[in-house]
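Two complexes come next, and they have one chain in common, subunit A, joined by subunit B in the first and subunit C in the second.
Presenting the complex of A and B:
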């Protein structure tokens, strides 16, 4: 479904992604794990095309020189040169790190802004579905986004991304800063979304432990390079990974 | 009583002048310093269509507002898009466009007191014992209609909601498939049309003169800074604050102090509360 090959991203002379190739098959949940600054967010931005927008803005303002190399193919089509809004139209929707919900809009408005690309019947169906997966949101409909708790914001961010009718959902550190209870609820719902909606998902995390049970295939990023990849069980059994990402020796 | 009536008229006039500026800044963070020029040139376009080509008044108004919308879109598409994200360059570029339009008009012979648009409705009525001409009442009605329309547009339509999303977090909007360049063009075009509409509605109260362009720009900026840059409802409330302050100044201190009010309001706001009276952004810190 998604196939990114040879991705290299430079911020000035700093190498943020070093020849990373990653792929996601239809209806798979792919996990990308790595420490801070391993390049997870850069990878997500590159796949969703946001990197192109950042590059353009930096370029125009005379800021950091960003270079992006490599190829991204989606559903058999080369989308390397597509703008982020076009990629979203193709079905790649990013649910960003730190959620970035619209703080001055209500929960309902956030969801309706998310439905920008959806037809009105799609929006209606998806809204029902979002409330089914995340029941608290239905109760909070009128609450202003900025006043939600972290967990509620995360539910809203995923719900908003779903409203955009994704075929491939990119989730950048969805569990960041949340309580274990909310974390396991979000992980469960992520699998539910895949199973019921047939949406492929790429999820990044620092700690693999909470997410790994639902992941089909995993990549480990270190200093911008993919050092290890494989089906879940294979990664799980790797002794280096066990010590580095699970705290098991 | 007369303070109340003329204060309201003045406030709504200020709100009309400021809304276009607030809209453009709120959505694309471009301070449109050509705002006043767009206001004035719409008046001249309408005048040319009405007097020069002899078109129907309503038709000339509609055509003038559409024309100014196109001008706004072109300004963004060909000039401002190249300096996006550089605040100083945006100000210089848009101010240069404004200067070019206004001084171009002056050079083209549009000066003096010969250029006036007719009022929409002749006549006046007495409220209590104060005579108010009907056009001023119409200004109030149009102002309320514009604010109501903007509110409905930004709360219930797809494009309006997308514009609000872009205003709050452009990158998050991009992720949802909202094209920021197209939205910025839409914002600039509608901002220009709002400036044009304000011109059409307010210019019949006086002559169409080039100097008004600078005046309107300062008033609009004052209202937006006091209300909190980018906040439309803040702009409306600030318009009432400044509007009444101006009328009170005129009544108790004299007409020539009127302009001081707007400038003083800018200075006071920047000293006391730089984010503006109704700037919301600061209160909603991100929760982690």
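Presenting the complex of A and C:
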């Protein structure tokens, strides 16, 4: 479904992604794990095309020069040069790190903004679905986004991404700063979304333990390079991974 | 696959790296690399009055310098403290009227009236702007824009401070050389002074206020106090400019509160390079003479002016100075990845 080959991203002279190739098959959940500064967010930005946007802004303002090399193919089409908005129309939707919900809009408004690309009947169905997967949101409809708790904000962010009718959902550190209980709830719902909606999902996380049970395929990033990849069980059995990302020695 | 696996690399020039530390004093070449840009600016400004063809253009130099003071003050507030100030006209007006009153009513000579007007005017401006300092957002811009508009109407309606005629009969500088060198030296003094300031401890706090005022507050510092200090310094620059301008024109009137004084410094900062402090001065050196040259087009010059500005924002929003610094310090080359 998505195939990114030979991605290299430079921030000025710093290599953020070094020849990373990842792929995501249809209806798969792919996990990307790595420590801070491993290049997870850069990878997400590159796939969703936001990197292109950042690059242009930096270029205009005379800031860092960002170089992006490599190729991204989605549904058999080369989308390397596509703008992020076009990619969203194609079905790649990013649920960004630290949620980035619209803090001054209500929950309902946030969701409706997300549904900008959807037809009204799609929006209606998806809204019902979002409330089914994340029941707390239904109760909080009128609350202003900025006043939600971290977990609720994360549900809202995922909900908003779902409203854009993704074929491929990119979740950048969805569990950041959440309690274990909310984490496991979010992980469960992620699997549910994949199973019921048939959406492919790429999820990044620093700590693999909560997410690994639901992923089908996993990549480990280290210092910008993909050092290890494989189906879940294979990665699970790897002693290095167990010590580095599970806290099990 | 992307066949052309090359990228353009930017690296610091060897001499830049060598002159970063103490080793700068090792050779004349490296010393001159460090000091040449500064010397060019200082010497360039100092010989400007000599190379100007006529009295008219010498007068333009003085005006350029006054705008340069305003532009540096705008740059300091906007890019080091995070307060977008549209108060150039307020500073000029307050400083100008104060100096004019002191000169005509109290009989102070210009070279005494100007410093007093600078300090007192800065105090007044800071007090006027104090209420909106604790706030974040557009409030400072709005309030600083409203004051000069209000001032003109107050002067007009109450017919105080000379009313619509303004205050006349103000002493001029002893002669035009004193006038020009006074403003030029003031620009240099404040330019290098502010550059120093933003690298001192207080400058660090000011930049922190810009980045995240809550974190500064959490560190136990009063952001209002620090903002007030910054506003005092930059309004002092503006008031100094205003005080000079009334002695140059020998007249003080409502046009001191004209919005030109708020807008042109901002335009100059955009063209020159935001956050560089030198850039705004360069921007004024370009913009003000250009607007003088365009004077024969009448009001149409605003159109040219806007076009220049839009062009810069669209094609080089970094500004001349940022671009120039990069070219000076770094080389670019293509490398294979």
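A few comments on the model shown:
We adopt the following convention: the second predicted complex is superposed on the first by the 249 of 249 C-alpha atoms of A that agree within 3 Å, B and C clash if a C-alpha of one lies under 4 Å from a C-alpha of the other, contacts with A are read in each partner's own complex, and residues count from 1 in each chain.
Keep this in mind: a contact is a pair of C-beta atoms (placed from the backbone, for glycine too) under 8 Å apart; a residue touches a chain by one contact, two chains touch by 3 or more.
All of these numbers come straight from a predicted model, not from anything done at the bench.
In the three-chain model built by superposing on subunit A, subunit B clashes with subunit C.
When the two complexes are superposed, the chain touching more residues of subunit A, out of subunit B and subunit C, is B. Of the two partner chains placed around the shared chain by superposition, neither subunit B nor subunit C is touched by A:224. Legend: residue contacts after superposition of the two complexes on their common chain; A:149 is shown touching subunit B, with no touch to subunit C.
Of the two partner chains placed around the shared chain by superposition, subunit C is the only one that A:10 touches, whereas subunit B remains out of contact. When both complexes are overlaid on chain A, the residue A:71 reaches subunit C alone and has no touch with subunit B. In the superposition on chain A, contact of A:109 is made with subunit B only, not with subunit C.
With the complexes overlaid on chain A C-alpha atoms, the stretch of subunit B that clashes with subunit C is 91-99, out of 37-45, 91-99 or 163-171. Residues common to the contacts of subunit A with subunit B and with subunit C across the two structures: 60-61. Subunit A meets subunit B in the complex at residues 48, 50, 53, 57, 60-61, 83-85, 88-89, 93-96, 98, 100-105, 109, 112-117, 144, 146-150, 153, 160-161, 163-164, 177. On subunit A, the positions that touch subunit C within their shared complex are 5-6, 8, 10, 12-13, 60-63, 65, 67, 69-71, 80.
The part of subunit C that touches subunit A in the complex is made up of residues 1-2, 5, 7-11, 316-319, 322-323, 326, 337. Of all the residues in subunit B, the ones that touch subunit A in their complex are 82-86, 155, 158, 161-162, 164-165, 168-169, 171-180, 280-281, 284-288.
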